[in-house]
Each structure stands twice: as C-alpha cells, then as structure tokens.
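Okay, so subunit A shows up in both of these, paired with subunit B first and subunit C after.
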Partner chain A sequence: MSWKYILIILVFLCFLLWGLFAGGAPLSYYTVLETLGSPFGLASVPPVYQSIIWEFRIPRMFTAFLTGSALALAGCISQSLFRNPLADPFIVGTSAGANFGVTLALVLNIIYLRPGLLALPWFAFLGAVLVTVCVLLLGRKGGALPVNTLLLAGIAANYFFVSLSSLAATLGRNVLHRSVLWSLEGFAGANWDTFLAVLPLVLIALLALIFLAKPLDLMVLGDESAMGLGLNVGQFKFIFTVIIGLLTGAAVSVSGLIGFVGLVVPHIARMIVGAKHSRLLPFAFLTGGVLLLGADNLARSIIPGFEIPVAVITALMGVPFFLYLLRKE
Partner chain B sequence: MQSFWKKFLVFFFVLALLLAGCRETGTPTPSTPSPSLSPTSTATPSPNLPSFSAVDFWGNTIQLPQKPQRIISLGPSATEIAAALGAMDRLVGVTTADDYPPEVANIEKVGGMDNPSLEKILSLEPDLVLAVFGNPMTLIENLKAQKVPVFGLNPQTVEEVLQDIGKVGNLIGEPENAQKITLDIQKTIDFLKSKRTETSTLPKVYIETWPQEPYYTFGAGTFGDDLISLAGGENIASAIDEPYPALSTDYILFENPDCIVLAYMVQDAQKSLESRKGWQNINAVIDNRILVPKDPNVYLRPGPRIKEALLELAQFLHPEWFQVSP
Partner chain C sequence: MMEKLLEIVELTAGYDRGPVIRDITFSLKSGEFAVLVGPNASGKSTLLKAILRMNKIFRGKALFKGQDVSTIPRRKLAREIAYLPQENGHEFPFSLEEVVIMGRFPHNPLFFDTPLDREKTEEALRNVDLWEKRKERFATLSGGEKRRAVIARAIAQGSELFLLDEPTLHLDLNFQLEISSLLRKLAERGMAVLAVYHDLWLATLFAHRILAMKSGILLQEFSPKDATPNFASELYDLNLNLLPEDVHNYRGRFLW
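Entry: the complex of A and B
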C-alpha cells in the first residue's frame, strides 16, 4: 500500500523540481539554485530573480497542485454521489455555476477591491452550490434521484448558467473589459494571494472529508441501501453538494474552466488504490494535484516565454481517457 | 465606475462648451464632424505635469525617477507610439503581435498580447511597461505588485490617440517628438476639414475588420468611427453604441454602404464580396468602390499611423480634395 504513496509523492517532488527550473524567464539551473538559497544568505542574486522564483513560480506550482487536488476530490464525490462514472463537476453543471458566480463578482466589480480576491472563490462557491441544489431538485423523481434525470438536469443547468454568464458578461462588458480573458488564463496570474484565497475552501472540504469517507462508501450503494444502513441520505446529499461546491468554487475561481481532471483522476486513483473512499480520497487528492502541476509545467515550458492555456493540455490528455471510459461502459 | 464618471463629466463639459460656442456664433459650423476634435484640445499633455510622468487610462499617475531606458510594450499600438517617438532603441520587449516598424522583429518577444509571460517580462528588468486593452488584468496587478511602473493605454477616439501620444511622449522623455507627431496628425485633420464644404457628399462607409459572419466593424465613439467622419464619410455603424459591434448581413444590406474598406489581407476583394449572398446589390459592390488598404493595420491600431489611414481613406472617398487646383 505505502509504496504507491511513496511513488506519487516522488512524482510530486520531481514535478516540483521540474517546475522550479521551467518557465518564461530564461534562468539557468545554477541561477535558480542560487535564488533558492538567497533568502538564507547562501547567495546573492538580483531581487527580480527572487520575485520570479519566490513570488511567482513557487506559489504558481502550489496553486496548480491545490486546484488539481480540488477538482479530483470534487470528481470523486460527484461520481459517488451521482453513482455515475462519467459524473464530474463539469457534467453536472457545478462548474458552470461557479463560473457564473465569478462572472457576477467581476461584473459587480468586487474583485478590484483589495479583499475582492479573497471573496472571489466564495462567489464561485455560492454559484456552484446554487446550481448543484437546482440540479438535485430538478433531477428528483418521486423522492429518488435517478442518474439519468440528474445528468439531464445537469446538462440543462450547464447550458442555462453558461448562457447567464455570457449574458452577464455582455451586459457588464464595460467593467469586464478590464478582466477579459480571465477564464482562459490558467495559472499565469497566480501568486501567493491567489493561493491563500483558495486555501481555506480546500482546507474546509478536506477537514469535512476526513469524517465523511464512510458515508460516501454507503452512498455508492444507492439511496435505499444507504437508508437501510441508517444513513440520512437527504442530509448527506446536501453536505456533499456543499463540499463539491467548495472544491469546484476554489478551482474555478483561480483558473477558470479546466476540464477532465475531475473526471479522469478518480478513475486512475480507483484503479490504483481501489474504491474505498478512505483510501481513494487522499490518493485522488495527490494524483489530481500532481497531474495538474505537471500539465501547468508543460503549459509554460513547451514554448519558453509563451503560455499555452492549461485547459488545452488537460483536455488533450483527458479526452482519450474519456473515450476509453465511454467504450468500456 | 470611476472612468465612467470621468467620461460622463468630460462629455457634459464638451457638450456645455459646444452649446456655448453655438450660441456665440449663431450656427454650428457644418465642417466640424465631431465636437471633441477641436484642434486646441489636442497634442499637449497637461502642461503642469513634471517630466517622465503621465496619468494613464486607469487614472493612475505614473512618475518615473528618470528617463526610462528599458521599455516593454504589450501591444502593437503602444509599440508604434513608442517607436514613432524615437524610443525604438529603448524597447527591450514586445509581443508576438508586433510587426511595425519592421525592426521590432529583432526585439525580444514576451508572448502574445493576451498571454504575455510575467517571468519573461520581469527577467528583462523593465523600467516601464506600456499595457494596452487586451492584456490580462492579473498580469498588470502582478507587475504593479513588483513595483514595475505600468502605464495603461486604451484610446477610444482620434483625440484620445493624440492625447496618449502626448502622454507617452512626456513619460519617456520625448515631449518634443510627441508635439511634432500630434501636430502633424492635427495638420492632416485640419487639411481635411478645410476641404470639406457644406455641399460635400458624405458617402456611407463600412469598414470591415473581420471577413466572416458576423462581420465586425467600428461603432460609435471609436477612432475608426472618427477616421470615417474626418475623411468625409458616414459610418454605417455610427448609431451603434458599442465599440466593436458584430454586424449581421441584413444590417449591412439595409444600410447599403457606398464604400467598403476591408481592413485585413484579402486576395480579390471584389470577387470575395460578390460571392457573398445578397451583397451584389450593395452600392459599393455594384460600383466597385472597395478599398483594400496598403496596410490594414493602420485602420486597426490606435497609434501614430492613423494619419496614413486618414489620408488613404480621404483620397479614396474624395479624390477631388487632393487635386491641385489649376
């Protein structure tokens, strides 16, 4: 069991190292090492190198990791909650809701207040929860939540809130033109502030999940079996919805819409450590983070000095896997 | 919000001035295409500003300690302004969208306009960054947090282009060059105004900036709209209160432009327009009044080369203005 964790942590460390040396600024390996040592008085480098490494490159890697982890966890919970291997925050409409929350916050010009950056993930969270609750209510059929109506409701919600976001963006374009391309940016703008803004949401979700692995295992069995085993299904559905909202809100508010991580990672993790949530969740957390960290490293190092949208890379990696899952179904 | 109120106030101020002017002279002069283009208001930046300083698009005052030596431009229009001011040798970074003047090919590229690399910019250690509309806001914020002076440009009208040239000129220590350029453009504007009479016919003009449906053009209050009116035309989209509106075919057919400017690279303009459904009935296509600019970018970039656009367009619309009288 433990060697699997050692392996993923090793990959994580390798990716961290890779990320330290990759990026738009053409810094030599030696310069990067010097810069790493400079705060401890081991070397002296121009302050601009210190900013590049310590204030942008490092927080960017942690932000990418945290976002990937959040998406992977949200995917795990969605797949168990909706009992569908193809469920993820995108397919259920949660991301569209989070995106709507962010758009609204931008149109209302909240981000440009200094604490606005801290508020942005919470707007995304509210949007995500709103949409997921709508989907849960719409998809309900005589007290139960059949998977197909749920997914259909999710598709409807997706279209509706993507349209609402475009509408808000069109009507509020005078404000938005300052932040155009926000949703395409990936992690190019990430710094410690961004990292700290999303950290609380992910921490709250993580804390809650420590106690919720068991109920999630029961949810997979289906509403009736779970109820039969003494689980208050309605209550837990709501709790998990809020947690999905926290995780999706955190991810979408920092990087925009990044697909396929939430879908693919839970499957990879399940293949490696099995479906039991007490093992699945921590491993998916690590895998998702490592995957997105690697994708973002690629995004900024394929062509040095040019940013390729990280969503493009996750889609290129994820789509073949998605098709494989579809064929297997 | 702040900039909105500012524009609002400026608008009222200009309106008040205009009304006052009208009352004095009795009738408004017909040759004034746009009230905001009075020659006195251009060129000079606020005279009481010290050297190497200017107020940018966001209303921030940028004061540089000395003449900037390492300038990065994040958009072609800003690059063209800096180059025209004579700061070509001080530009250390531009975007991949930059292609004018041709020497920019030798300057380090910091990425595209919409995704410049923050690290690359920082590693070039600029002492001034010229940002334009379309740059990501988070990048600007991060640069500012690193105490890199960022000057934001987003000129909407011809007058604002002239003002911005003046501002950048003062900021980078080339106020005389700025004065020269803006006066030169102003002279062109004054020349065109002098040629215009009450009997001048104003052909309806459509500048197309995107060759596929929906077609894009310049709406009200943009420098493209100004270019048309100054060159003696009437913008078919001037009633649309949107800077870069997408036009449907039926709108263009209904407006029936007399002249069409295709502001992009195109092989056979006449043929490509005729092949569009319904377009063979448009006046401009019937009369083959289609302008394919020598360099479409002069119509698309709010920079010093708007002078070339003005002259080319005016010559196309009103060749009689340029005939030497016997």
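Entry: the complex of A and C
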C-alpha cells in the first residue's frame, strides 16, 4: 500500500519542480534556485523574479493542487452517493449555479466586494451552494431523498439556471463574453488569497470525510442495506450533497469550470487502491491534486508565452479515458 | 421455555398512502428458523421493513426482547437485528472482505477498522466458507457466493435476529439448498431467522415454522410437518398440487 503513496508523492514533487519553470517568463535553473533562497537571505534577485516565483507560480500550483483534490473528493462522493460510476460532481447542478452567480455579478457590474477582494469567486461559490440547496429541496419526496429524484432535480436545476444565465447574458451588454472568459480562465488569476480562500473549505471537507468514509461505503450498498446496517440514510444523503456543493463551489470559484477531473480521478484511484473509502478518499485527494497540477503546468508550457485553458487540457486527457470506461462497463 | 426474541403485536403498517399489512401477531424465539410465504403483494417485505421501522407503523408494535423497536436508535437496532434485502447491490470494486467488514459499522462507524472488526470478519467469512476468497472482488463472485458473502456480513454484524427478503432469489437449485441449509445452521446455533421464501418446497424442507400471508394478513401459522398440498393451493388460489405428497420424506435429508 505505502509504495503507491510514495509514488504519488514523488510525482507531486516532480510536478512542483516542473511548475517552477513553466510559464511565460523563461527563468534559468540558477535563477529559480536563487529566487527560492532569496526570502531566507541566501541570495538576492530582482523583485520581479521574486514576484514571479513566490507570488504567482507557487500559490498557483498549490491552488491547482487543492482544486484538483476538491474535485476528486466531490467526484468520489457523487459516484458513491448516486451508486453510479459515471456520475460527476457537477451532477447536483453546481456548475450551472456557479455560472449563474458569475453572470449575476457581471450583470450587476460588481467587480470587487471590497478593495482587493474580487467578487466573481464568491458569487460563483454562492451560486453553486444555492443551487445545491435548491436541488436538495426539489429532490425531497415525502421526507426521503431518493437517488433518482435527486438526480432529476439536479438536471432540472442545471437547465433552469443555465437558461437564467443565458437570459441575463443576452440582456446585459458584454456579459456573455466575460462569463465565457471566466469559465475558461483556469488558474491564471490564482494567488495566495485564492489559495487561502479554498484551503479551509477543502480541509474541513477532508476532516469531515474521515467520519464519513464508512457511511459512504454503506451508501454504495443501496438505501435498504445501508439502513439495515444502522445508517440514517436520509440524513447522510443531505450531508453528502452539501459537501459536494461546498467542494465544487470552492473549486469553480477559483478555477472556472474544469471537467473530467471529478469524473475520472475516482476511477483511477479505485483501480489502484480499491473502493473502500478509507483508502479511496485520501488517495483520490492526492491523485486529483497531482493530476490538475500537472494539467495546469502543461497548460502554461505547451505554447511558449501563451496559456491554453486548463479545462481544455483536462478534457483532452479525460475524454479518451472516459470512452475507455464506457467501453469497459 | 425459550425467550421470545421478537414479538409482533397487532401490527398494522405500510406507507404514506395507507397500511399494507393489518393486525399481524406472532412471535419468534431464539434458535428458530421461520419462513414467510405468500403471493406477491401479500405484505411479506412490508412486514420485515416494519420490524426495522423502515416504513410507517399505523397501529400495534414490534418488540425486540420486550423493547418497542420504534424506541431503539437505528444503529443500536442494527446491532440487534440484521437485514438483507433482495438485491446484493453495487458494482464498485470492493473486495469480499471489505463487503463483510461493513457489517461492523453498527459497532464501529469510525475511519479505521479495529482488530475486533477484523476478527469478527474472519469468523464470519470462515462460517460461510469464503475465507480463502476474501481478497477477490465481490462483483466477480458467483450468485451463490455473493449471497453467502452478504450473509457473512450479517453474521459479522453480530445480531441475534436475521431478517432476509428472498435469500434464494436468482439462485439455482443447488445454491438455494446451500443458502437454506446455511440459514438453518445459523438457527441451530441459537440465532433467530425470519426469511421470505417463494419456494414452498424449500420452506417445508428447512423451516421450523411457516407463516403464510395473504392480502396483508397473517393467514395461518404452522409447522412444516403439517403442510399439506391443500394449504399451498389455497394460499395461491390455484387448483394445483404445489407440494409433492412425499415432501416430508425429504426433511432432514439435506445437511443443516
């Protein structure tokens, strides 16, 4: 078991190293080394290098890692909750919700919540959580929360909020253009603030999941078996849906819409460590983070001086894998 | 006299739209293998679910060791009563061992499995002769092995009462005999088993007692020794001989 973790952590370290060099400004190995040492007084470099490494590349890498982790965890929960290996974390309508939040902010022309605090991520986050709550309310049926109804409520909410966003975008000038740009911008705007905004949410979810690993195992068995094993199924479905909403909300708020990580990573992790959530969740956390970190590094190094949207990279990597899964199922 | 483990008193239960079973009264002792038979929609599954308060109880009560089940918290109830629904569920790549250890959830819902969890899991797997296959994927097991595996999960749960909804569903004759004989063995060891069966022949061969339900009421309750072909045709409104005349000659011929 442990060598799998050692391997993934090694890949993580390699990707971190790679990420220091990836990007528009070509920095030599020596410059990067010097810049890494500069805050500790080991070398002195021009402030612009310090800023590139310490204020852009490093926080960006950690943000990408954390976002990938959040999407992977949310994907694991979605697939187990819906007992469907092809479910993804946006299934409960969070992507449409985030998009709606962003469109709303653009239509109302709210750029900053207060000086220095960008409004878009918060609107995206709140939109995602709002729609998750709507889906929970719509999905309730006689006090219970049947999986199929939850799924249909998610689809309905998705269409509804996509339409609302489209309406707002056609009414508001220039909004469509900017909301599309937002959904594609990936981690280009990431800094320590964005990292610190996502960190607590992901940590709280991770802590919660320590208590929720076994309930998730039981969810896979189906409602009746889970109840027979003493799980309060209705209550846990609610908790899991809220966690999916928080995690994907946090992810989209910093990165826009990144597909396929939440869908594919749980599969990769299950192939390697099996389906038991006490092993699956920590491993998916690492794998999701490492995968998105790698994808983001790739996004900013394929074409020198130009950034490909990271969502394009994840889709290009994810689609073939997804098709392979479809064939295999 | 043996202790009454489960006591159902004038139970009327069902769903929001109304009761499905009415005024059911019976009791079950430790060491007893009782079988519920009856046509579809006669309320057999509803009865099992009512005992676990998975549906709505309108009147009457179900008592476990004298305590009303509606006052027992769900996780504590799971330590006392194990329940196996019709389907084994899921295609996720759990190993057999991982499926069985889920039976320990009512005892230990936290992240790590304790040595006791593993010990009970081993015991349960050995009980159903699946210890050697513990690392194999649950989804790749045969139908009979899957059933034995979920029964092992119920054993690991450590409950004194087993409720099973059609434990022989989708199984061929050999596996039906194997599972029924396993349930009988569990009863001989002191557990109480209440299972829904559609096969009157199997019920007559293996059970200590047969409870026949029809249209939501408990029609009759008798020992398999008294089972007559007549009862079967009455139960199903068919003028057919559903039970071979010589069925009693076979009792005890299958090991349990």
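Quick note on the criterion: the second predicted complex is superposed on the first by the 262 of 329 C-alpha atoms of A that agree within 3 Å, B and C clash if a C-alpha of one lies under 4 Å from a C-alpha of the other, contacts with A are read in each partner's own complex, and residues count from 1 in each chain.
Rule of thumb we're sticking to: a residue touches a chain if its C-beta (ideal position, glycine included) is under 8 Å from a C-beta of that chain, and two chains touch if they have at least 3 such contacts.
Everything quoted here is computed from the prediction, not taken from an experiment.
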Handout entry: Which of subunit B and subunit C A:320 touches, first, second, both or neither
Key = neither
Problem - Partner chain in contact with A:25 - subunit B first, subunit C second, else both or neither - result: first
Problem - First (subunit B), second (subunit C), both or neither touched by A:213 - result: second
Practice task
In the overlay, answer first, second, both or neither for which of subunit B and subunit C A:230 touches.
Solution key: second
Handout entry: subunit C-contacting residues of subunit A that also contact subunit B
Key = none
Handout entry: Of subunit A, residues touching subunit C in the complex
Key = 80, 83, 85, 142, 210-211, 213-215, 217-218, 220-222, 224-225, 227-232, 270-271, 274-276, 278
Problem - Contacting residues of subunit B [partner subunit A, same complex] - result: 1, 4, 96, 109-112, 114-123, 125, 133-134, 136-139, 141-142, 145-146
Practice task
Under the touch definition given earlier, write down the residues of subunit A that touch subunit B in their complex.
Solution key: 23-27, 46, 48-49, 51-52, 55-57, 109, 174-175, 177-182, 184-185, 188-189, 191, 300, 305-307, 309
Handout entry: Interface residues, subunit C side, partner subunit A - complex
Key = 16, 49, 52, 54, 74-79, 82-85, 87, 89-95, 98, 102-103, 105-106, 109-113, 150, 157, 163
